[in-house]
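Can you read through this structure? Questions will come right after.
A, B, C and D are the chain letters, set down in written order, and residue numbers restart from 1 in every chain.
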Amino acid sequence: MKKLINHPDYVVQEMIEGMALAHPQIIRKLNDTNILVRTDLNNAKVALVSGGGSGHEPAHGGFVGTGMLDAAVAGEVFTSPTPDQILEAIKAVDRGKGVLLIIKNYSGDVMNFEMAMELAEAEGILVEKVVVDDDVAVKNSTYTVGRRGIAGTIFVHKIAGALAEQGASLDEVKQIADRVILQTKSMGMALSSCIIPAVGKPGFELPEDEMEMGMGIHGEPGIERKKVVSADEVASVLVSHLQKEMPLAANDRVAVMVNGLGATPMMELYIVSRKVSQLLQESKIQVHRTFVGEYMTSLEMAGCSVTFLKLDNVLAELLDQPAQTIAW
Amino acid sequence: MIQVEHVVKWIQLTHQKIVATKDKLTELDQAIGDGDHGINLARGLDAAIQNLSPDESKEDLGEVFQKIGMALIAKVGGASGALYGSAFVHMAKVCKGKKLISLAELAQVIEAGAMGIKARGRAEVGDKTMLDIWQPLADYLNEHIEKVSWEKVQQFLFEQMEKTKELVAKKGRAAFLESRSIGHLDPGAVSSTYLFIALCETLDRGE
Amino acid sequence: MKKLINHPDYVVQEMIEGMALAHPQIIRKLNDTNILVRTDLNNAKVALVSGGGSGHEPAHGGFVGTGMLDAAVAGEVFTSPTPDQILEAIKAVDRGKGVLLIIKNYSGDVMNFEMAMELAEAEGILVEKVVVDDDVAVKNSTYTVGRRGIAGTIFVHKIAGALAEQGASLDEVKQIADRVILQTKSMGMALSSCIIPAVGKPGFELPEDEMEMGMGIHGEPGIERKKVVSADEVASVLVSHLQKEMPLAANDRVAVMVNGLGATPMMELYIVSRKVSQLLQESKIQVHRTFVGEYMTSLEMAGCSVTFLKLDNVLAELLDQPAQTIAW
Amino acid sequence: MIQVEHVVKWIQLTHQKIVATKDKLTELDQAIGDGDHGINLARGLDAAIQNLSPDESKEDLGEVFQKIGMALIAKVGGASGALYGSAFVHMAKVCKGKKLISLAELAQVIEAGAMGIKARGRAEVGDKTMLDIWQPLADYLNEHIEKVSWEKVQQFLFEQMEKTKELVAKKGRAAFLESRSIGHLDPGAVSSTYLFIALCETLDRGE
């Protein structure tokens, strides 16, 4: 394991310190925590808090700032943050208009955020939550935990953040977040796994000629292991999975995200996004905007995910609002 | 009778076991989860034993369980932090004010822990989670309340643990794998097994 | 070699197509070339053209747009583009106010851009050039070719681009670019090499416990191979090399860039940037802004570079001007 | 006498040799450069031979060299594209309008190519570049104008090529390595050696 770190036990703390030191205009770190909050907390508005395990940078600290999140709580690598930390974040950014928690759908995240929510409510803070479950690689079943939350979460941050910035109520912000969640589907694939610093070995091993379709962003195994195919085929498979779950018709409008998982060169992301663009063009689907880059990573995993967000005028307008964050 | 010093020893012994088997837990979690279970528990138990006051005899069982629960909630993180934490906090509630509990009461305490896990995780027995250790153990102790062989309990625990191998995960990260979760032990069930093996060993040495 | 590509021979073309398809608001591709030009060419102003071998994405196409470059010419992977392509770019963006070529100091780039410049001048176009040589890992000697151009190039794009946008003359834009070049120093290190798609094997092999200091961004060998040290030590070594070449005193003002080379997780970049921030703080050097992310990569190389740009009021003000590009 | 068909054969043969040794050139370039030399040349020479009209007898040597030079400039890229291209364009200039040249004139043509490289690359002999093949070869041919043994020329070329091993690179990417460039052949010198070996073989078969 080769990593530019000092000690596996301090990676999260030092990263958060590094982020706060690098961008004092945008964020600051709450003392003795791994919480980043935006510097401009003057505006009385609904506050947005998200977070989760670390290792997905720039998510979520990179999306804290005007027009997006008010705070991001970072847990240990791939480990949900604890309720006390989440509670502190809630208290730090609540300005009396209520707080929306944006949670990715993992048991750990859901439980810890719910516990924090209970604690905050006990202190008289108005709190709501939404749970993002955009990963279509996982079957949707009411009997189990449902789907995972992956890169589509960033669209929720952006759109809910824009509406909150405009002064909407907690209910309205929660509603729009839920609408985005409903219209957002993602799926990923990996060429290689990633290494949790404290573990020191990869989550799974992939032979030199194989790839993993639909793996999770924590190195969880995927739905299928296949021989490596071309970028065009990868794009086609991912798009067809998304289309199956959220059929898009001619003239439908979407935002597209081709998200790098950490080690994939931008060259490759654009080769994938080229095919995605072409497929959408062929189906006469209107692409409102395409985002290509690293938004929700998995440490040094090689691979990508594709996200479609089906837009209406309201969502499109909010998506286009400016935001001052590190990574949007 | 079980008193505070037993609990302290129990958690210290659990800490030792988890630290020693961290890599194994990691590997189990890598197979059907994300690989952090061992690390998280080791870190959280370390905080829990640091937290226990050296003069624990002043405190009652409720206070000690509460301390352990809060340490786990604040330091483990992930699913198991919330769940183990909730378990101990629920255990604390039924021990409130007590300095001593009987074996029959211990069964109820563990039952309370299982309820905590169920309530927090919305899991049922058979979902391939740590609950598949907690609930059966509570039931077993309730049944054998008259005379418990701690060795037999250990054997029972290992059997329950092995049974998780054949289950399909319905809760937690492993649930995303659906039927591909079959054939793997549930990491949380394994760590819970160690937890209660440590309890057996503690009590075996003398209640 | 695992890559998300279709065929090694088409990676550059398909990437450029992908970029143009993804961001039609900002850039378009000139037919039958690998040239990206900005869409808003109305404003009569000095035009900025840069480029070089591919594999350094987002450089340079990611910096085309209002306030930065007018065109970027992409050569094959790690291979300077050819004079005919550069000439086409010059002709496409010249609006009669002259064109500044921003060249990284590699023989191939310098020669091909110079040839294009001669061809453009023969066609009556006013052309000037600047050559970026920020890499302090290489000794500065008038007898040889001098230093390489690496991540600091992006500061040249940004500041010269901002001045050009304000309507400055070709001379003025060239002068400020040269000023930025003089005040910009960079140095990099790698934990692993990269693979040119058409070659299929890494430029150098690094044992599991070694790193390369001062390697080039094309997989060229570095100045020293060492046992892997901590992120803090890496940061200290890089900073001390920069400080030796461009001593900074208390109250000097700098912009800092911690640039990922392709495969390094953002977590690690921020752990490095944390130490860089701390070192500058200790020396009471004012950090105007810190940029952490991927600006000038080397395909899937793991590692980073650190760049210091010494600022005065003029440079700081231009650096802060808005720019509409994919990657700034 | 040397005429257009010799040049066409020469470049075709060079193309074959470069394609066959692409990996070797890549490895040489990886050692002290960036590893693209073989790929770039193979691509550029491919374009150059495509570009040569099938009915090349209508054209003079100047036109053919110019075509080759332009193809190399437009398709090789990097340092060697500019340099080989400049060499051939300079060679074209001294052949303008000629359908035939003598051996003595060939020496001057190669000399002109060397001047092209010098002018474009600002390199001197001894800088560990392709010039360390071109200039010595031009000198050698000038000296042996009376009677040339193409076999001896080949031997001479290989000797010159080997000599680049001991030089410190002063130009091109390898120059960044300074003294660490010692011990490695210069990739451009090696490809130039192949270029002229192909010339020797072409002319050996019959001027």
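Note that in this section a contact is a pair of C-beta atoms (placed from the backbone, for glycine too) under 8 Å apart; a residue touches a chain by one contact, two chains touch by 3 or more.
Per UniProt, the chains are A, C = phosphoenolpyruvate--glycerone phosphotransferase.
Just so you know, these numbers come straight off a predicted model, no measurement behind them.
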item	value
Neighbouring chains shared between chain A and chain B, ordered by label	none
Neighbouring chains common to chain C and chain D, by label	none
Far-end chain from chain C, centres as C-alpha averages	B
Approximate Å spacing (C-alpha centroids) for the pair chain B, chain D	76
Interchain centroid distance [CA atoms averaged], chain A/chain C, Å	29
Between chain B and chain C, centroid-to-centroid distance (C-alpha), Å	55
Junction residues of chain A - those touching two or more other chains	none
Chain D: positions in contact with at least two other chains	none
Pairwise touch network: line, ring, star, complete, or other	line
Which chain pairs touch, all of them	A-B, A-C, C-D
Of chain C, residues touching chain A in the complex	2-7, 11-12, 14-19, 21-23, 25, 54-55, 57-58, 62, 191-192, 208-209, 211, 228, 230-232, 234, 256, 258, 262-275, 277-278, 281, 289-290, 292-294, 297, 299-300, 302-304, 326-327
Contact footprint of chain B on chain A as seen in their complex	53, 75-84, 106-108, 111-112, 115, 138-139, 143-145, 148, 196, 198-199, 203-204, 216, 218-221
Residues of chain B that touch chain A when the two form their complex	26, 30-36, 39-40, 43, 73-83, 86, 120-121, 169-173, 175-178, 180
